[in-house]
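Given below, in the form of structure tokens, are the structures.
You will see two complexes here that share chain A, one where it goes with chain B and one where it goes with chain C.
Let's look at the complex of A and B:
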């Protein structure tokens, strides 16, 4: 397994190089940092020279990319011009932590609720519970993220306080002053992220479980008198886990790389908004750092899923 | 059975949410319960405004009526990249709006878009010298103090000048060479006018004289911020290092404004606390002559406009300020818990005419267009319902002076109201005739079809275009709306390379057919000299193709006139070239429509006194932060 993991990591290097080059090329080609000076009628030549020097704008894009790679591997992530020229390394970890504070509870909740509703729906196929879960799933699939987020704000921050005379259970932005404040600020964005992804998860897990449910070994287990709970947990769910693990790895990559819409609506200072701001403002260093982090995350999550396959199914060998 | 369990679970979750909400602590409440000093009397109109609002919901913070204290929460969409206003990476208005609460200058700008002495005790005195140079004597207010207790003196003014001009190449008389393009260390150096300063002589702690190589009409704008010599940095490099984070090695930079910078949680909020050493506002708009009522200001960076409104409606924010989009007005102006305040700012919308267009090159057609546009209907239909009477009902009639400035004259009075008959008469005089469907055509120039374009996506602007489109159809014009989304419009239409080349060469080069009519906003201000280039032949700010040698000469003269009244007349003369045919038949290349209103929504059920400023486009919601007071 160790050799397999190392091999996968090594083969990921070309993926990282291609992904970062495409991002670098796109960011550099689409937004020029000097555009920021276009509206500055009084900016001196020094201001231009400074930006040219900072981004090596007098060099072709491939050369700039090589220069960026060189700096990056030696630990110099550059300066974020869209963030007051703060070191990218500082912002990178700061916003990364913020993203985790939003994504981790969303991922845990999504995993639990998705599994429960998916399995429940499969076991209650074509009954009321199945129809209820299916309806909610389709609602989640059909509802745009921004609309659901704003709806939650209106319900929890305006309507419920008005109807029941309580304080709004929402606070825009991220607040870590106390656990309560954190809950107030994180609950609605977590619900938004979860609800939007839950629809797909629930349907996917339902299908996976239904697939296994009619397998011979399940029927055999039931014929042997194995309890229903044991059939579900030991035989049914475990065997359905392989496709589900793939789904979870994709979920994790999606959530932990930041959600632009949810973060914007709830003013959450994570990677999503930061990436958008940086890309629009031609902040190459910051854009590249986040893009690289997202790429690494996707590669790692896929690797993790591959490793999990072996744990879940001993027949899988890592030759 | 299982379904009922599910329902019970959902019910429990909902109940838990309610309990959690009800049991919430008051940590995040805006208005605190600290000191309770006596409040200053509010003006009559503010008291009346209060009576019109109710306090049913949302729940208000626990503050005694009329007391001081509490934290004002402003939810705003933009976050500054840093706090260095002159950093070329930082072109956002939010930076100057935040700094307006922290640092003051020699002159401030009032709601009437006019200068008032801010740190000065009285108006500066301009003396013309025999050699053409001028000396401006100024006296600072007594008792000015930085928030750290250090006196604010004339040395701080001199220091500010030294910092922003450090390293600049100089002429023999001390003025700066070539607009500050060489050698200057300070980043942008807004050197317009500053370049003319030859020296600053400090006579005492409060008295100083600014010597200039020649007169500059915008001299009151030169020191809009005065830096603290003892704290902002020993040289320009240090200042450039300290300003972005608003701190030096010892902590936050001291303030001369009503607030002190406290902390900045990037991506979330910025906090300021009251400056108890504040010397009081000199603004004619401020009611409170002393330190601010509120303990502090918290600026929440809320990127989404709908979320801003939800924040306001839930009591999570007390004031928001945004673009005057229709949705914003509709969601708040109908709610009795909120007050929507707007004012006529220094930014104005206009229709700019491409005089190189085959139709618009004829002054009679341009005048027909002016007759055909009924600004009163535009105002009554679109602006007055949203912004009240803060804007003139007849629309704007000047491109140099704004309606709330004392020198303002409506030069387009003769075009006021619906005058389609006059428009058609003009067209007929120009050789046009009705083509049969109400649209006029010329035997050689063809059908009178003109494209109007703007930055698409702004609902208010687009509605305005449609309204004027209908008005002009009744006057024989076929107007085709040709917008481009976002800022790309400028680069693709009036300010494209081809269009500018055509404008500069009178159509000999470039492509004069890129656009016909443009709608966008120019920024005016108390010193209108910056508006003159839009009519100067070949200037980069003149996409209209206007060319008049007399205008060019006069534009160069206005800023050199020392007498205020004569200078105001000079600008008005330039405007008559711009908006009428009274002086030259090259004129009437711009039709000003209206000032772009600043637009605030604030929680009037919680705020007793709101310092929402006139002139917010220029100054932001914190311009009169001393006046905010919780109920």
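Let's look at the complex of A and C:
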């Protein structure tokens, strides 16, 4: 298992190189930092030269990529021109923490609520409870994030603002003065992030459980005299976990890489908006740092899922 | 054959019916099945797919989905099984009545070792636990002829071959020395050579434990060596029942005769097999009258009007046919 993990991490390096190169190329190709100076009457030749020097704009893109990598591995993440020339490393960790503050509770809640509703509706298939969960799920599937987020804004910022203290499109939505403030500010964005993913999750888990529920070995277990409760907890759940682990790893990758829409609606300073801003303003260094972080996250989550399969299923062994 | 002490059969089934609610209406899978089974006796239920043979045994153990409606009576050791509480049924399942399923490939949970799964059968009934249950599992595997049982109990189902898995399945079924074994197509998923071995194991095990057996199969050839009595089912009804001798040498029902003619025989000179024309009826659209009527070469007007009754045609031998007396004897048909 250890050797497998090491091998997987090593084989992830080319994946990271390809992913970062494509991002680098795309960002450099569509945005030119010099554009911002084109209409600037008061800017001097020095400012021009400085940008050319900063981004090696006099060199072709592949060469720029190589020099970016060289800087990156030696610990120099560059400067964020879109964020007032602050060092990328500083913004990267600051926004990273903000993203985690939003994504972690959303992930935990999504995992728990998705599993509970999915399993519940599978075990009560075609009964009232199942129909209720299914109806709400379809509502969630049909409702885009921006609509649900705005709906929450209308209800909790305009109709009953006293609950969460949200002001419509308040400029800084994140409050870390106290745990209470944090909870107040994080609740609505977490609900928004979660609700839309939840619908799909619940349906997926329902299907996974139903699939196992009709398996022959479930009938065998019942024929042995195993109680219904134990059939579910011992024989059913562990088998159903295999596809569900995949789902969870995808969710984690999606949530922890930041959400553009939710962060925008609730003014949450996470990766999603930062990435968008950086990409639009041709801030290559910052774009690259976030792109790399997201790629690493996806690769890690896949690895984690693969390792979990090995733990769950004896047919999958990696040595 | 009945229990010497009480005169009661081990299992007495009367007018068992099972129907399923479907979107297209009620599907009657079993339409009035009755039989008695004495302790230690072996009976075969034979029929094509959809004849209701598996459903009737699953109904006895309460293993059918909730959409199934079951009526009639099934008394096992003096207790009524139909309508019995889940808890009581659980205590019977695997303890007094054990089942051997058709496909050993899918009937074991892939995530637990064979030893764990056999041990679980004993543990749920509190007959052994922990290390003791595991070592008993090894003994059971040895009994059914699995080599190196001490090592094999730690293996997973995917590390077993089909034949070995079916042996393990038998070991699991006999773990608690049940009074009744229900073997639902126990060899269908296996190679012919392995089939014979598995049937032999079953026969040996029954010799040792004295368990009664209901063998459910579509394969008449399997029945000959392993059951004392046979029920031939078609369209949810018993069409003929009798001893092995009477069913194989003196079948009276056109359906049974058809089944036998479609089966290769060593003792028959003719080199052509005669299939039964047509297909079994859909459960949702049973023909009026005799279910076999549309496929029967002897059918007359009455056959389309009402179903025939099961009538005695000899000692411990009954057939369900309107044309009873007109059906030629098997000795004439097969000659």
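The rule is simple: the second predicted complex is superposed on the first by the 306 of 319 C-alpha atoms of A that agree within 3 Å, B and C clash if a C-alpha of one lies under 4 Å from a C-alpha of the other, contacts with A are read in each partner's own complex, and residues count from 1 in each chain.
Criterion: a contact is a pair of C-beta atoms (placed from the backbone, for glycine too) under 8 Å apart; a residue touches a chain by one contact, two chains touch by 3 or more.
In this text the structure is predicted, and so the values were computed from the model without any measurement.
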Determine, for the superposed model, which of the two partners chain B and chain C contacts more residues of chain A.
-> B
Pick one for A:161: touches chain B only (first), chain C only (second), both, or neither.
-> first
Scan A:184 for contacts with chain B and chain C and give back first, second, both or neither.
-> first
Scan A:7 for contacts with chain B and chain C and give back first, second, both or neither.
-> neither
Both chain B and chain C touch chain A; at which residues?
-> none
If you look only at chain B, which of its residues touch chain A in the complex?
-> 2-3, 6, 17-18, 20-22, 24-25, 27-28, 57-59, 75, 80-84, 87-91, 180-182, 184-185, 187-192, 244-245, 266-269, 300-304, 306-307, 310-311, 313-317
Residues of chain A that touch chain B when the two form their complex = 36-37, 39-40, 42-47, 50-51, 81-85, 91, 94-95, 98, 124, 128-129, 132, 146, 150, 153-154, 156-158, 160-162, 164-175, 177-178, 180-181, 183-184, 264-267, 269, 273-274
The answer for chain A against chain C in the complex is residues 215-217, 219-228, 230, 235, 238-239, 312-315
Show which residues of chain C lie in contact with chain A when the two form their complex.
-> 61, 63, 86, 90-95, 98-99, 101, 103, 106-111, 113, 120-121, 124-125, 156, 158, 172
